[in-house]
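Below you'll find a set of structures to go through.
Two complexes are shown next, each including subunit A; its partner changes from subunit B in the first to subunit C in the second.
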Partner chain A sequence: MRACKALIRHCRFYPIDSVLSLGVIALIIWVLWASISWIVQAADWSVVSSHLPLFASGSYPLDQRWRPLLWISLLAALTLITLIVPIKRGSNRWMGMVLPWCWVFMIPLGLVLMAGGLGLTPVPSRAWGGISLTLLLTVCSAVLALPFGILLALGRTSDLPVLRHSSRLYIDVMRAVPLIAVLFFGKLLIPLFLPMQLEINQVLRAVVAFALFAAAYVAEDVRGGLQAIPETQREAAAVLGLSPLQSLQLVVLPQALRIAIPALTNQAIGLLQNTSLMALLGLVELLGIAQNLLANPAFIGRHLEVYVWLGALYWLFCTAMALLARKIEHSGPTLNGRSA
Partner chain B sequence: MTTAIKADHICKTYGAEHRALDDVCVDVISGEVLVVMGPSGSGKSTLIRTFNGLEEIDSGELDVLGIKLDNEADPRHVQRIRRRVGMVFQQFNLFPHLSILENITLAPMRVQKQTRVQAEAKARSLLEQMGISEQADKYPAQLSGGQQQRVAIARALALNPEIMLFDEPTSALDPERVKEVLDAMRTLANQGMTMVVVTHELGFAREVADRVLFMDSGRVIESADAKTFFNQAQQERTRKFLNQIN
Partner chain C sequence: MKGTRRWLLQLAVVVLLLTLMGVLINNLAVNLLRTGLGLSFSWLSRPTGFALAEHALPYSPSDSYAWALFVGWINSLKVISAGLVAATILGVLAGSARRSTNPLLRALAALYVSVIRQIPLLLQLFFWYFVALLGLPQSNPSPLGSLFTLTNQGIAVLGVHLSVEFTAVLLALSVFTGASIAEVVRGGLDSVPRGQWEAFRSLGLSERLGLRKVVLPQALPAILPGLSSQYLNLAKNSTLAIAIGYSDLYSVSDTSITQTGRAIEGFLLLLLSFLLLNLLINGVMQLLNRAVIRRGQRS
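Now for the complex of A and B:
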């Protein structure tokens, strides 16, 4: 009731504002209505629904498809569990200890499931594709980029001029070059550094190039976190007899990383979206699948459906990542009076 | 009567000219409580921070628990000294990402390689002694200033130090919280701990100090036993300072 009155008052005093607001609201409703009616009535989703396994795993051998599917399902399940189970520190210590290890374990598990070995039939990386490839690229390059980025950030803030300048040079160069260029360089250059016989697989090459690129951005985010930690924290660690390395590992980095989580989440989301650039390099990840599908004359005129479906998938993954990050951030105690 | 800290003509300069410590001589005897007083910027913090190697001296000789702390001191020696000298800061400086118990057990477990069980038992008994045993599983941000400072004292005591340094431990506290921290320090002094305390708490100094040191502009103006210091200070500068803060 109060809100209504306030609204009416507002309209009396600001007539032009009110007309504009009404116009915008009408526009939003019209767009929503048009979209929903297209999604429900006009669109023909058969192009998507009949190719769901293809979107999930690309041209993975049919009899082995359960492997990428299993990995995706496990990831989804773990995400749900992590989001649902309360992990306030102290109260649910067991979950707080086990869940991080489950996440770490998902990476080798994904690699083994996709590549084979340990009793599974080997599947060459050129047969990998779809969502499973997109997720594998994202997770692997994020996991490589984080430690490398932390090292760069430490180098960048180091007292040693050599370290400081070289880290800074690396960061500046990487940030000045577009990702697509780094990826092409990676594709062309990395093989030059390796012995002739060793044919390293495309996915690995892409992951390394991605990680090298992302590390520069991660470094700047971590540096922001490091700078937010007051010098007195290092002093407090030092007077307890902790070595500089212990002080870094036990006192400074845990706090700096916590502070950097929102910025790092942005990087992770960017990384996921950037994996779509791999389609240009011939990896058939999610976007690659879509393009292959649309190249088939049978699906002429179904562009919109496929891209809307793609958009929905990327949205889902990014939202899941953002929610996970928020969960991690909130599972720790308050730092410096900031509620976390 | 062994000497815990022996400072002989130590000097410390910041920048080109600014003398934070100017030819300071102090002896701290094992088991005694030395209170350091002086106006802001007189070098009290600088002095006390040289005692555990947080600040390097430029010249003079400094001997803490039999180990030389000068500008050529091996960083590992300094690190070893710090395990034997506890320090409490004005701003508590607890680790906000660790629980109270983890704050206290961190150094015993990582530096002295104690087991978790051992370190936690010691930590709980120290918290008990400080009168805050219910707070063990909370985080620093959930505690009042006075409680945080007592945790900081417990954290320093967990390494069984031979000397405790306090740099204005009650200056950041609400007046009604000062007493609980001073009480904890008094108990410590009664147990025979060697203490160097920078403070402006006259009551505490009168009652607990064995000796009082008065500094101004990086120099020691006066050094006397507590009774003499408060009742018949020799220097005009000291009497003026005491009148001001009384």
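Now for the complex of A and C:
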């Protein structure tokens, strides 16, 4: 209603602008109409609907498919719960305490469900694929990149020259090279740099390469957060008798990380999007599955359907991540388990 | 006391880093000996034996690897520089549109930014290549005749022929980076105090003139750093061209490495080329930055 009033007022003041707007409206209606009629009539969605399990878990063994599906559903459920349950200070403290631990628990759970062990049949990483692999790659590399990135940021801002320069060199070189080169390096060269006997699988190599790359970007974001903390905070901590390590751990880092959350969210979203590059290097994550499907002669000319479906999925994941991050940002200091 | 501790800590870090490097290099040496590769750059002068689909300079499969890499570098430079221009135009337009007085334009720009930024670039590249460009008809009689033709063989504008691969990479890079630049521009515009907008409006300047003459010049110092990091991203992202077979620097390096097995040397060269490219972009942006700041001080 308010938007309507604003629109009417706008038309009275800017007549030429309004004519232009009408043109844009006509264009939008035409595009919408064409898209909807394509989605409903022209598009053949069977290429997507008949391969839903493939998109979810790749070539995971048929009788074990419930494992990746269970993990994806749990992640989705947890996301919904986190977004819906209001975390206010004081009320719902119980939820505020339990939810972060649930999230932490999802990572080992995902690894066990995918890889097997603890009574589950082992499934080699060759057979992993689809959404479950995309999410696993994202989560594992993010978890590795965050502490490494924080260490790099601390090194970069340290007043010890050796630490500062070596961190800086690492960050600058990593930020100068394209990700695909780092991944390629990981695929080809990590085996060359390791002792002969030590063979690590393809997924782990990808995770390591992603983490090493992302850490350099995380470091710059955390450094931004560190620089935003006034020197008086450290001084106050010192006056209270905290050791430099304690002051860092209890005073500086919690504040710096909170400031860095929006930037770190963007990094996490970028990481999720970048996992699609593994499709070029032989992992069948979401995009890799799609390319394999489209290489099948039975689905010639079905590119648009598959890409629209994939685009919608990625959009959904990224938006969910952005919403989650906003929730964390606004949830207040109860987040780290200590009361406000 | 504190000084000695600092020195000890630094010494420990140095020893740790050196040990790590020593172990890695030792492993590398052992592995290179085992595979009988060794390190050498003599392969650079050997003929490649592969053809490049696109080359701005004369090139044939009998030319050397070094020349092939250079041609790839030129191809990269071509798509990057075209992409920089297109992305900047798109980004500035979309970013300004988000602060326009027209609500429709604002919504449209917001939609563009939010959709494009949440979808992986590689997927967008595939879309432009396989759907938008290869989906075009074989021959497409256009009303402009020979001035502009758009077919699945490529695009011809005024006699200049652009290949489908080049066009797809260019479109994907500029649309994707344009959305990020739009956010940078919006942030820059927001950094200009509200009063400046009100001032030019009350002076009777049109929105477009006010934006160009009053707001944008003041927003530039806030925009430029973000812009240069987006430019660097665009340059790095141009390596995705390998996915659709555009012979850029990365794609030529990849083929060379696969053919010769010289992974380390190839990777070192790639690293150097990208450092060079980064220095180039950074240098130009710094010159621009300095010019903007100087102009700001003079006026």
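Quick note on the criterion: the second predicted complex is superposed on the first by the 319 of 340 C-alpha atoms of A that agree within 3 Å, B and C clash if a C-alpha of one lies under 4 Å from a C-alpha of the other, contacts with A are read in each partner's own complex, and residues count from 1 in each chain.
Please note the rule applied: contacts are C-beta pairs under 8 Å (C-beta built on N, C-alpha and C of every residue); 3 or more make two chains touch, one makes a residue touch a chain.
Small disclaimer: the values here were computed from a predicted structure and weren't measured.
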| item | value |
| --- | --- |
| Fit or clash between subunit C and subunit B when superposed on subunit A | fit |
| Partner chain(s) touched by A:21 [first = subunit B, second = subunit C, both, neither] | second |
| Partner chain in contact with A:255 - subunit B first, subunit C second, else both or neither | first |
| First, second, both or neither for A:241, with subunit B first and subunit C second | first |
| First, second, both or neither for A:287, with subunit B first and subunit C second | second |
| Subunit B versus subunit C as contact partner of A:233, first or second or both or neither | first |
| Touching partner for A:162 - first (subunit B), second (subunit C), both, neither | second |
| Cα-centre angle that subunit B and subunit C span when viewed from subunit A, reported as a multiple of 10 degrees | 100 |
| Greater residue coverage of subunit A in the superposed arrangement, subunit B or subunit C | C |
| Touched partner set for A:61, first subunit B, second subunit C, both or neither | neither |
| Distance in angstrom between the closest Cα atoms of subunit C and subunit B, superposition on A | 7 |
| Residue ranges of subunit B in contact with subunit A within the complex | 52, 54, 79-80, 82-83, 85-87, 89, 91, 93-97, 99, 106-107, 110-111, 137, 139-142, 155-156, 159 |
| Subunit A to subunit C touching residues, read off their complex | 3, 6-7, 10, 14, 17, 20-21, 24-25, 28, 160-163, 166, 173, 175-181, 184-185, 188-189, 191-196, 269, 273-274, 276-277, 279-280, 287, 291, 294, 303-304, 307, 310-311, 314-315, 318-319, 322 |
| Residues of subunit A that touch subunit B when the two form their complex | 89-90, 232-233, 235-243, 246, 250-251, 254-255, 258, 332-337 |
| Interfacial residue positions of subunit C with respect to subunit A in the complex | 6, 9-10, 13-14, 17, 24, 27-28, 30-32, 34, 101-105, 108, 115, 117-123, 126-127, 130-131, 135, 232, 236-240, 242-243, 250, 254, 257, 263-264, 267, 270-271, 274-275, 278 |
